[in-house]
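One chain, subunit A, links the two complexes that follow: it is found with subunit B in the first and with subunit C in the second.
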Partner chain A sequence: MSTNAGPAPKDAERRRNKTSAQRVFVRTVSNRLGDATMAISSGLATALVLAILAVILFDIARSGSSHLSIAFLTQAPREGMTAGGIFPAIVGMVEMVFLMTLAGVPVGVATAIYLHEYAPAQSRLTRLIRIAVANLAGVPSIVFGLFGLGFFVQFLGAGIDKMFFGGQKVYGQPALLWAALTMAVLTLPVVIVATEEALRAVPRELREASLALGATKLQTVIHVVVPQASAGILTGMILAVSRGAGEVAPILFTGAAYFLPHLPKGLSSQFMTPSYHVYVLATQSPDVDATKPILYTTVLVLVALTFVLNIAAVVVRARVRRQNSFGH
Partner chain B sequence: MSSAPAQNATPATKLTVRELCVYYGEKKGVGPVTMDVAEKHVTAFIGPSGCGKSTFLRALNRMNELIPTCHMTGEVKLDGEAIYGPGVDPVTVRRRIGMVFQRSNPFPKSIIENVAYGLRIGGLKDEREIAMRVERALQQAALWDEVKDRLEDNALGLSGGQQQRLCIARALAVEPEVLLMDEPASALDPIATAHIEELINEISTDYTIAIVTHNMQQAARVADYTAFFYMGELVEFDRTDVLFTKPSNQRTEDYITGRFG
Partner chain C sequence: MDRETALAMPGERRKHTTSRFATTRPPRLELAPAPRWHRLIEWALRLLAASAVLAIALILIFIAKEAAPLLYSGAIRHEVTLAKMWFSQLWPGYDEAASIWQPVSEIPKFGLWPLIVGTVKVTIVSMAVAVPLGVGSALYVSQYARPRTREIVKPLIELLAGIPSVVLGFFALIVMASWFQNVLGLESRLNAIVSGVALSFAVIPVIFTLSEEAFRAVPRSYVEASTALGAARWQTVLRVLLPAASPGIAAGVALGLGRAIGETMIVLMASGNAAIVSGNFADSVRTISATIAAELSEVVFGEAHYTVLFFLGTLLFLATFFINTVGDWTIRRMKAKLGGAS
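Showing the complex of A and B:
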């Protein structure tokens, strides 16, 4: 106790005697140690993340590339899915994603425009909507699948059948349309959040410039705000597409088929999709060894598609942002 | 040059301001201000930062309404017509009272589309008429010769001074009756500033101009009338030559002689 207490006041005295400039610029050992520890530990964490990604990608590429060919991309599965390709699944995904975008993006963008441009910012309702959107993003995707089955297939679809098809089952069963709509609901938060973010980034100066020229609020939104935010909106759209391409649970009950000998014929057809196909190949194959290379190649294609979409999002955002960069 | 208005004839009043107060929430930003802005003359608002001159300027074409917490009392009349009157659409007010901002803010569009913007949203469809008025506006803003060969280029490629003149051209294209300018040259170098000042002198024969500036020399050079604001109050308002040579208020004198500010 007493030995420790001894030097402490002396130390303090010495420090007090230094000029204030000296004291400000001295970098203590503990400061340096803290920085080094943080740099090393955060660096290691980053390395771990990259390593995991590298292992996954390497494994998929190594096992999947052997089977990859034009034929694989253009043929239907054959012989109980132990041979052939995934053409119907690719077509099914493209159709589903296209319909999903068509249905979801306009609603999402419109919601974001309402929330950011028109809704009173401080009102309870606006806050409630924001919370609802955030919660929608947190709902497990299987719940969306069940919602789609209950609402779209059994309620809307069956209702349409009763009204227009005399009770014959046309829309009252899992179908491309219902899967796309379910997926649109699932990806709504992505679109809304990205669009609102983009609208928030539009400089106030540009809005004021438009309004000061006698533009109405609507004209300002259409001609200045939305074009300026288009990069962010497009990014949100592509992210939604990439999410939609990978999800399985929401389409499980609403439209995805285990196997189809033909391509979807219309909105009421079922369809195949790579993500669900992966599940089917991995769990339902009669011959595991024969299916394995096909499984890996399907995964490779799926990962590549998602990767390309994400890269596209980055490129589009960078390009439009450069064009619209405001300031000097 | 225009700092010596007609000595005898009193010019017509374009804007009549009576007891105008602008508040941000509970806090008063500026006021009460009472003044008459002379038609087809330049009126400058000077004063130290935060004195309320910009807030006052923005109240003259209802731009303050874009700030949610902002509200005001008092009266502003354009040709005797209350711009804050019941049923008056701020859009129509802003068509007649244009504005140029401190920071040039061209749209990320071509030069020609920037100037044509106000015309198009105003419903003008005739492309020949639009082209004609774009050219006239660019000429008025002394920018035509520099950009006539690259009207389709993006406006963001212009220099800072050119961008600001483009913004002036854009405001002039819709032919407002009054042009409000909020420190239009504060971000520009001396040469670009001289261009803007020259241009203000040129257009003041056709337009009523109100300009906010923190540069007293600028006010002395361009303005026929000058108002001195301090701590949210209008301290003194007079002909520019009178205000700068024989100020009647001690605070005005202290400010223009550089004792504070």
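Showing the complex of A and C:
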């Protein structure tokens, strides 16, 4: 270490003479520092995201629960929506979601079955469908609203009116039916993706056994594959319902109403729904402070509903995944 | 299909059964052909599957159709043309040419730039928050968290994705706006910062889910090789894991970007909806999506304003379609690449 040579060679020698233990030590210190920084910063990011979720939920639960009661769920709004409940909105949502499921889920399930069981993996049609599904999932919800207005209301609805009602406006205006169909198109990718995942989880051996017993392809699909995948299909349905219950932009112009004195009378009438109700109460209310308790409670109901649905979906999906890992 | 025909014992194989060692001919395996209507159902399935393609096509056609009069209708072109929308105009009463969005004033002005600037500003804020948080938490959950922690944290972040956007908008409008105004001392309650941060809550789960998947898809052998070469964990993360997962992360960022640009309810409720061109993030902004949502219910069917709003919708559709296609393509390529490597 101590030589009387010039400064440059001295430095080089010192570096060379450093014992390997010393070198390891230096590296470990900086590595510890690096590792700690990495772990702590990424851990902080996670904690922050979870904190955001917690703060939102806490605020809604705290301010919303004081007003929550059976009466709130079973009464109509009163006194310019500053009192009463959200019963018509809940009825409207259930009807809309029911119609949406009826229209959307069969198409989504059929698409997934075709994609996974029948379609040749590399054919042009298959690739086209996959690209379409991926892009459909990314179309902004407000664009679905425009589509619903342009296609369902102005084109189909007006066409039906011209043919069956002599030009009288029945279906050529925002209606429950059109909102539900718009939402069905919007939730189509949700159903397709979940169903396909469920189909993928059905072990190959089951299909082969069925075919070896002499069943045709269609019999195999109907009696073996789909029953095995039913839990996953249910997941897709639940997720679609949860999405449909929460979206507002697609139904802004296709059927949702500020306030209706009566429940929806048929497919062609407008409807109220909790998600739109939240928007109306939060932005269009003349007296924000008077509506605030109702607003918070509506939000709580909406969030609780979507959470219950989402948790149900997570549980069902976890079961499917476990099943899958046993199968292989 | 292939399996069925193989089982049905093709004709050529019968030669074997008549070889000189065979004493009795084995029973012929023959499956009854599937009934006709099975083919019919297969075709029905194929048709239904094509409905996704049909939906995308119809969306584009019917939005573009309502916007098309901008190009040919004389009555509408009298009020607004593409050039008037894209380029600054010298409006009466103004000193210099400007791009202004005032669709319901006496002289309707349909300048697009205030809306585009607003959309870009909100998107920048939301991505600046969502990318570090989304990728960071994905890194933590996939690399540092214990399996049990991961099983709790992952569904929780996915739960964040389940919060309806109108609820996030409500939260931004009622709660966050006041906090931000007090803490940052902002002039206007609703602005690009509040709406961008609220918007990021919707974007974080998108980026998180895809990034986490990308981190976990990196083959174990990469990490093992790097460790065997003496790299510390943070070096492995920065120089091996991150580059290997980058296409997936990029895809997540792209899909998140598509979501940020198109998201409506949050910005409609929390951005203040003032169509001004400014570089200040504390100013109120009006985005393209919020403009459509706020104004479409008040326009007369077929008039210039209605047409312009559908034109905005077409822009939004094309922008997100492009971003999503790029993102989707990246995911596919990553899967193919990693599938080959492991």
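Just so it is clear, the second predicted complex is superposed on the first by the 275 of 328 C-alpha atoms of A that agree within 3 Å, B and C clash if a C-alpha of one lies under 4 Å from a C-alpha of the other, contacts with A are read in each partner's own complex, and residues count from 1 in each chain.
Convention: a residue touches a chain if its C-beta (ideal position, glycine included) is under 8 Å from a C-beta of that chain, and two chains touch if they have at least 3 such contacts.
Note that the structure is predicted; figures quoted are calculated from it, not measured.
When the shared chain is aligned, subunit C comes close enough to touch A:A132, but subunit B does not.
With both structures placed on the common chain, the touch criterion links A:S41 to subunit C but leaves subunit B unconnected.
Within the superposed three-chain model, A:H223 lies in touch with subunit B and out of touch with subunit C [touch as defined at top].
Applying the stated contact rule after C-alpha superposition, one finds that A:Q75 touches neither subunit B nor subunit C. Of the two partner chains, neither subunit B nor subunit C is touched by A:Q173. Contacts of A:A121 after superposition on the shared chain: subunit B is touched, whereas subunit C is not.
Look at A:S285: by the touch rule set out above, it reaches neither subunit B nor subunit C. When the two complexes are superposed, the chain touching more residues of subunit A, out of subunit B and subunit C, is C.
By the touch criterion defined above, A:G214 lies against subunit B and subunit C together after alignment on the C-alpha atoms of chain A. Residue overlap on subunit A between its contacts with subunit B in one complex and with subunit C in the other: 208, 211-212, 214, 216.
By the touch criterion stated above, subunit A contacts subunit C in their complex at residues 27, 31, 34-35, 37-39, 41-46, 48-50, 52-53, 56, 59-60, 106-107, 110-111, 113-115, 118-119, 125, 128-129, 131-147, 149-151, 154-155, 185, 188-189, 192, 208, 211-212, 214, 216-218, 242, 245-249, 252-253, 275-276, 278-279, 282-283, 292, 295, 299, 302-303, 306-307, 309-311, 314.
Those residues of subunit A whose C-beta lies close enough to touch subunit B in the complex are 121-122, 203, 205-216, 219, 223-224, 227-228, 323-326, 328. Listing the residues of subunit C that touch subunit A in their complex gives 1, 3-4, 7, 31, 34-35, 38, 41-42, 44-46, 48-53, 55-56, 58-59, 62-63, 65-66, 132-137, 139-141, 143-145, 153, 155-160, 162-171, 173-175, 201, 204, 208, 232-235, 237-238, 255, 258-259, 261-265, 268-269, 289, 292-293, 296-297, 301, 309-310, 313, 316-317, 320-321, 323-325, 327-328.
Here subunit B touches subunit A in the complex through residues 61, 63, 66, 68, 91-92, 94-95, 98-99, 101, 103-108, 117-118, 121-122, 154, 156, 160, 163, 167, 170-171, 174, going by the rule given at the top.
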